[in-house]
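Structure first, then comments.
Each chain carries a letter (A, B, C, D, E and F) given by its place in the written order, and its residues are counted from 1.
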Amino acid sequence: MSEALAAVLLLGGSFFMLVASIGLIRLPDVYCRMHAATKATTFGMGGILLGASLIFQNAAVTTQALLAIFFLFLTAPVAAHLISRAAYKRGPDLCAETTHDEYGKYLEGQKAEEESPERYGDA
Amino acid sequence: MDNTFIIVFFPFATALIIPWFAERFRKNAAWFAMVAPIVSTWALFNLYGEWAAGGRQTFTRAIAWVPAANVEISFMVDGLSLMWGLLVAGMGALIVLYSHWYLHEHEALGRYYGFLIAFMGSMLGVVFSDHLISLFIFWELTSITSFFLIGFWSDRDASNYGATKAILITGSGGLAMLGGFLLLGDVAGEWRLSQLVLMPDIASQISLGVFLLIILGAVTKSAQWPFHIWLPNAMEAPTPISAFLHSATMVKAGIYLLSRFYPILGAHPAWGYVVTGFGMTTMIAGGLLSLRAYDLKAILAYGTISQLGLIVTFLGFGGKGAIIGATLHLYNHAAAKAAMFMTVGIIDHEAGTRDVRLLGNLRKLMPKTHILAVIAALSLIGIPPMGGFITKEMLYEVSLHPGGPGSWSWFWPYITVFAGVFTALYHLRFLSEPYWQAAEGEAPKHPHDPPIGMLAAPAILVLLALAFGLAPGLIENAIVAPAAEATLGGGAQLELHLGLWHGVNAPLMMSIITMALGLALYFGFAHVKTVLDTVARAWGNAPSPNRIYDASISWLRNGTWGILLLIQDGNLRRYMRLMMVLPTAAALYLVWRMDWGANVFPGNFAGASFLLVVIALMITGAAFATALFKRRIAAILALGTMGYGIAGLYLLLKAPDLALTQIMVESASVVLFLLVFYYLPELKPVPSSTAKKIRDWGIAVGLGVCTTLVMAAAMNTHKFRTIADYFMRTSKPVAGFKNVVNAIIVDYRGYDTLGEITVLVIAGIAVYALLRLVGDMKCDH
Amino acid sequence: MLWILAMIIGALVTVASYLIMQRRIIQVVLGMAVLSHAANLMIVASGWVGDGKAPIVPKTGGPLDPFAYVDPLPQAMVLTAIVISLAVTAFLLVLAFFTYKKFGTDDIDEIRRLKG
Amino acid sequence: MIEIAVQISLVMMGASVLLAFIRLIKGPTTSDRVVAADTLATNVLGVIALFAIQTHNKLFIIAVLALAILSFVGTTVYAKFLERGKIIE
Amino acid sequence: MPLATLAFTIATIWIFLHGSATPGHFFVGLVMAFFIIRFLKKSYYQDRTFFRIGSYFRYLRSFTWELLIANVQVLKIVLSPRLSIRPGIIPYKTVCKTPLGVTMLANSITLTPGTLSIDVSDDDETIFVHTLDIDHPDEVAEGIRKGLEEPIVGAVE
Amino acid sequence: MNAIFPLFVVLPLATGTFLFLVRKNRALQESVSMLALLVNLILAGILLSATADGTIFVHRMGLWPFPYAIVLAADRLTATLLCLSSSIVGACAVFAGSYLTDAQRKEAFHPLLHFLLMGMQGCFITSDLFNLFVFFEVMLMATYALLGFYYNLDQLEMAFKYTCMNLIASALFLLGVALLYAQVGTVNMADLAVKIKLLGPTPLIVVTALIFVFVFSVKAAIFPMHLWLPSAHSISPTPISAILAGVLVKVGIYSIIRCATLIFPAAFLILQPGLILLCLLTIAMGALGTLPQTSLKRILAYSTINQLGYIAFGIALLSQAGLAAAVFYIVGHAYLKSAMLLGAGLNQKLTGTVDLEEMGGMMGKAPFASLLMLVGFLSLAGFPPFTGFFAKLFVLQAGFSQGAILATGIALGFGVISLYYNFTTYQRYAWGTGGGEVGAAGAGIYGSVAFLSAFAVIFGLGAYWLFEWAQLVAAQITKPELYISAMRDLG
């Protein structure tokens, strides 16, 4: 029984991974791709790890797996958040279909109110 | 202590301590220096007695130095070496005596006497050496010491130039001679001259190359054309040195070598042509050159060259008469020429110049010196009753019946007469221009006769020359004959009866003709001079030995830079290309030359799985991406990806620990890369031409393909079961590890881990040391 | 498997040697990193004779046949080599960084004070 | 049963690795590459977990944990970079 | 909760799940803990987090549900033959006060259907959300408010 | 004895670490460093005397049987090189004590020096190919750190280039190890020797041998791989360049000897013509390079290449005589060249430069220094009665007696150029009127230079002993079965 469940979990997890990658390929711009990447991969990993813990039937492994899942859920969004913001700041090449862009306006306003020259590159 | 060792090594011992004496007693150091030649001479006489008592049998003394490589210092005592020993030691004593007056208080007397005595020791070593290697060793020692003596006034460019020239030419000759010796020793299987002279057929065994190498050593040392060029420049040395090294002894080392090797190589077919050829050319060239010189020492130097040519010609002819003549002339020339040099030294010392155009009427100003000079010169011209007359007669005699190559023997008498005429001419010039005629210019100092002590040495020499002419019986059978016997070898027995008067015969006629022509040319010297000048102008700047030497030296100094830059142009990329292409080329050549049996390469793709293919593609693609991405971040990213891929590959290869380490290391290094570039501002892109790109890719792909093939071939040939089984078996029971890799790391191969950790530590220290410098790094560009 | 391994190694060597011959310091350093990867892979590949289990002895004792496992020795050696190459690469990177800082250029062709 | 499942999932993982890798190479922007790399790293984690199952090796699970952290660090650093990317590239 | 306490908790978890209680492993655990904390520092000010376990679970339940939906949606979008998306970035005014709340909200938003938080305005009031298809922005906002914000507020504020 | 000679690795490691920890306390650091070096030298001497009777000491790591674990071994060659390295490094440390002035740099110097010593001695005593690689890396890492010790422009450039070239060498080394392991499945030198002998010189083995030749050529600066040497030896701080020229290049030579005699004897016979060609090219490159230089140290660096060419030539003859000559040459050249480089440093102290254009008249200004240099130059030029002469003589004798007339003749011919550059360099340095005022130098500097130069004379006049020893060494290493059986018996 648990075996079957584990198998299902594994297959589902890796399937979602695959989906994530396909999304990475198909979707038009960074932000959309990030949708796929973040959600699906996290989910997939969760599935795989759960499956693993089911198969091993071992307290340590289970804890590790759960911890790993927890950690992934914690970090994946942060990473996505960081990347997307950075990507936008690099130059918001949003895809053609994009309708709203409030963030851009917000940044404009920020620029206007305080001209802060960025200070990088000096060690 | 054996006499031979005293003779040779006592001077070296003295030379070591002389500088100290010179510090203490300044000028009087000469008297301490004098001890060495006197002791050597005394020992020589003892040795002579010993040898005469032993029935004039050759005997040898040896100390093994490196027996395993059969290097030994060994001395042979026979007529030749004894004669030369006496010549060198006696001359040395006189030179030291003369130097005491010649040198000034303030000069580096320690260095001077030290090297002088050391030179004498090495020269004695040369003439006594039995073993080929020890001969070479002392030979090179004479070169070194002469180098320092020529460069005695080391702040003069001229003496630096002269010293370099001398050491280069004589040293190179020495190297050639060494090669010759080694080959000769290998052919003969015997390294002792005393044994070699007993091998009559050795000359037929050795090749022309070996022969030429040895001859080269001799002719460079004794300044034969075209190697004579170093001798005139060597005249920058203090005059006593010129008298000692460059007229009496060192330049005669070549003569010694020839006469020592006459019994060994004399039978070689090339001997006559080569040696006589050198001698003749030198004789004439030296005579001509000395006519165009104005510096008294230059005149004498070229004269010396010509006289050396004469002696070499004798040796080239070979045969009894020639050898005797050579030996006699050796003595005569040594005495007379040294005396002439000393007189020149006196003139230089008193008048402050050696330029014949500034000197004149010295006959009146310095009569004593004049007399010495005249007698010495006449002796060399060959006027009876000087010794020179005897030797000149013998030369003519020999030239009429040459023992050498007979085919053009009709030619010899004319050549010899010609040479004799020029000898007469330049010696007359040497006498007339400073002593008899009026000066064209004004000498710096007002010349007058020197203190008597300074005249002592030349006087003794001149007396010797005279005595040799008037009473040759004193030395003919005691010294000359044994020397000639030793030179002839083969147990020749000689009984000499030298004399001035042999009745009216062809040689007498020839010398009379010579005298007549000489005088005629002398009185018409103005015309001779114009002819010579026109010839010289016609010669223009055609390549003369000197020009060739200077050109090659300047090329060595300046021209090599370009060649060096072809390889070492400081460009790392070129170095990398060389370091990668040349080995590959070598390997390919090897691969091409050797036959690889069948089925080196496996055909099957066993064990290839989908995942493997994917990971392989990923690694490869990421790698190429690393190379191709324009942006550095992207490149670093690709690098990281490649690392992850490799980790995956390790997983497929069942190496979990490896995969983990790989990923850790990869992430760490990627982070490091990023951190470093966090501090680097934008770099300007550096374009590279397509041709270069193609070339680089070509090289790279070539390397890659080679590696692939070699690896595949190697992986396909597992000839032995690896030693890994042992680890598998013993890991758990003996070492107590479930994970065999860990067992190997910490137990079987602990030193590896030790070293690995050390590398990390050092890297840490190094980076620490580097980071301490960040402060200095600021605002540097 | 064998050929694929060999080809991967070849590809890495190709890329490495291309990068090493480039003009920018960073490219050279990257090339060195790739090269060290290639070298490590060579060692691992040298131990490959066929598929097998990871060299970890099971708890259950008893006689085990060594042929069932892959060769542990190359793995151990590569573990050493990886760490060493990391250290060296790190140092080279820092060195390159300071070289850049001092010379103010990252063009190898311009860093040529030491000719001849 | 498990084995088959693992095999199939390994194949799927392989495919997704490939796709992510294509995106990494194609770009077009560096942000895309970073996203791709992030996904790739997660995929590798998945592969490792699957291997853990295949070779009953618990070691790998810890690896997953550690690597999750590391890849996160990497991503963060990249993000930091992209922030000031206007200057660096 | 205080940083050190947290670190030690994590370290103990680490030991527990490692199965071997040696000082070395404990140390490793500490190191990892400090890593994690370094990167999630923002959200550790207060020590109220252990209370209201119930509301935590409520949040967890709804979050999991949302996550499932999200993935299904992604599945639909990605695997549908023709992409039918109209992405865009909309501002979302949050009522969360504490940074922890805001962060949790942002992260949850990222993991839930069709939304991806890009940035938080400096005054921690507006979260800029990238949405996969916005026919009605307010609907999206409504979904977020219902599905996530309320449980979070219940849990941590 | 078997138990203590691993100390050659452990002692420097411990010392180095300790020295880095106490780097703030300069006095303690220096005294401890000197003490450790002295102990090291004494140990080396003991080992030398113990190996004299031909015993080969074998230390098995953790007492594992023979071919499996790492084995350390010391035969005569090893002992000789250990004495060499410890004495030269000691002299250089003494020199550095009064030469290095910059406090900030000094504190890292002594630790790194000991790590360098550890690397070199490890290379000498290990009998495991991969372990050799590891110790190579230790050594190289230390040199990477030490070479560019002041990190001015030149040193940075030089260190970068040096590091890159050696990294390529390391990669090649690993390739070689991989090829060998794939073919014969072992890494212990003796075991390799046995199995390769069984395998015979197959093409692949020959290619592997070639790869190893090139790998070690990088350290030994044989022709295509010598490119790093001139800058590294002339730009790096003087004590380091002395160690580099004295010992480090000898590590490469040592490894080549081991390959030629122990691991691939058969393959090397096939490679011999190529090797001899490489040696002649090396001699030519070195001789050519000295000519246009004006920096004393750079001239010495190129002459090192030249001399290494002769050493390698002796090895490439692959005969006992040639090897004996090579060993003699190694020892003689090590002391001589480090003495001369330290002498160059001495002159830098005195005149503040190593540029010959700015020197001159040293014979009058600094008689003792110029005397030391004179000894060096004469010995380099191959004049009796110094070591240089005998070294060259033995190599030439071996070559001629082996019938390699042409090659040996060429090697002899380049003696003319070495004659030229040595004497002109000495002239520009000691004679003439150039140069400025002359400062003073510490006793440590003079002492170390004199100590090292003394060997040029000692091994010249006492060439007998050294050559006897060299022949013993050659006799031992030309019989690999001795080495192998020494390990077998313990295994």
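By definition in this document, contacts are C-beta pairs under 8 Å (C-beta built on N, C-alpha and C of every residue); 3 or more make two chains touch, one makes a residue touch a chain.
What you see is a predicted model; the values in this text were computed from it and never measured.
Participant: State the chain with the largest centre-to-centre distance from chain D, centres being mean CA positions.
Facilitator: Result for max centroid distance from chain D is chain B.
Participant: Which chain, with its centre taken as the mean C-alpha position, is closest to the global C-alpha centre?
Facilitator: Answer for the innermost chain: F.
Participant: Among the chains here, which has the CA centroid at the largest distance from chain E's centroid?
Facilitator: Ranked by distance of C-alpha centres from chain E, the top chain is B.
Participant: Find the geometric centre of each of chain B and chain C from their Cα atoms only, then give the gap between the two centres in Å, rounded to an integer.
Facilitator: Their C-alpha centroids are separated by 50 Å.
Participant: From the mean C-alpha coordinate of chain A to that of chain E, what's the distance rounded to whole Å?
Facilitator: Centre-to-centre distance between chain A and chain E: 12 Å.
Participant: Rounded to the nearest whole Å, what is the centre-to-centre distance of chain D and chain E, using the mean of the C-alpha atoms as each centre?
Facilitator: One centre to the other, that is 21 Å.
Participant: Among all residues of chain F, which ones touch two or more of the remaining chains?
Facilitator: 130, 134, 137, 141, 144-145, 151, 160-161, 164, 168, 175, 178-179, 181-182, 230, 289, 292, in rising order.
Participant: For chain B, what residues touch not just one other chain but two or more?
Facilitator: Where chain B meets two or more other chains at a single residue, that happens at 561, 564, 568, 572, 576, 580, 632, 654, 656-657, 677, 679-681, 707, 711, 714-715, 718, 722-724, 727, 748-749, 752, 755-756, 759, 762-763, 766, 770, 773.
Participant: Counting only residues that touch at least 2 other chains, which ones in chain C make the list?
Facilitator: 20, 28, 38, 40, 42, 45-47, 53-54, 56, 73, 77, 80, 84, 87-88, 91, 95, 98, 102-103, 111-114, 116
Participant: Show which residues of chain D lie in contact with chain A when the two form their complex.
Facilitator: My answer: residues 1-2, 4-6, 8-10, 12-13, 15-20, 22-23, 29-32, 34-36, 38-39, 42-43, 45-46, 49-50, 52-53, 56, 58, 61-62, 64-65, 68-69, 72, 75-76, 78-88.
Participant: Quick check: in the complex, which residue numbers of chain A touch chain D?
Facilitator: Residues of chain A touching chain D: 3-4, 6-7, 10-11, 13-15, 17-18, 20-22, 24-25, 30, 33-34, 37, 41-42, 44-45, 48-49, 51-52, 55-56, 58, 60-61, 64-65, 67-68, 71-72, 75-76, 78-79, 82-87, 89-91, 93, 118, 120-121.
Participant: Which chain B residues qualify as touching chain C in the complex?
Facilitator: The contact residues of chain B facing chain C are 561, 564-565, 568-573, 576-577, 580, 602, 604-608, 612-613, 616, 619-620, 623-624, 626-627, 632, 635-636, 639, 642-643, 646, 649-650, 653-658, 661-662, 665, 668-669, 672-673, 676-677, 679-680, 683, 686, 688, 696-697, 699-701, 703-705, 707-709, 711-712, 714-716, 718, 722-725, 727-729, 731-732, 737-741, 744-745, 748-749, 752-753, 755-756, 759-760, 762-763, 766-767, 770-771, 773, 777, 780-781.
Participant: In the complex of these two chains, what residues of chain B are touching chain D?
Facilitator: 610-611, 614-615, 617-618, 621-622, 625, 631-634, 637-638, 640-641, 644, 647-648, 651, 654, 656-657, 659-660, 663-664, 667, 670-671, 674-675, 677-678, 680-682
Participant: Help me check something: in the complex, which residues belonging to chain B touch chain F?
Facilitator: It is residues 64-69, 71, 133, 136-137, 140-141, 144, 147, 151, 154-155, 157, 160, 163-164, 167-168, 171-172, 175, 178-179, 182-183, 186, 556-558, 560-561, 563-564, 567-568, 572, 575-576, 578-580, 582-583, 586-587, 590-591, 594-596, 600, 707, 710-711, 713-715, 717-724, 726-727, 747-752, 754-756, 758-759, 761-763, 765-766, 768-770, 772-773, 776 of chain B that touch chain F.
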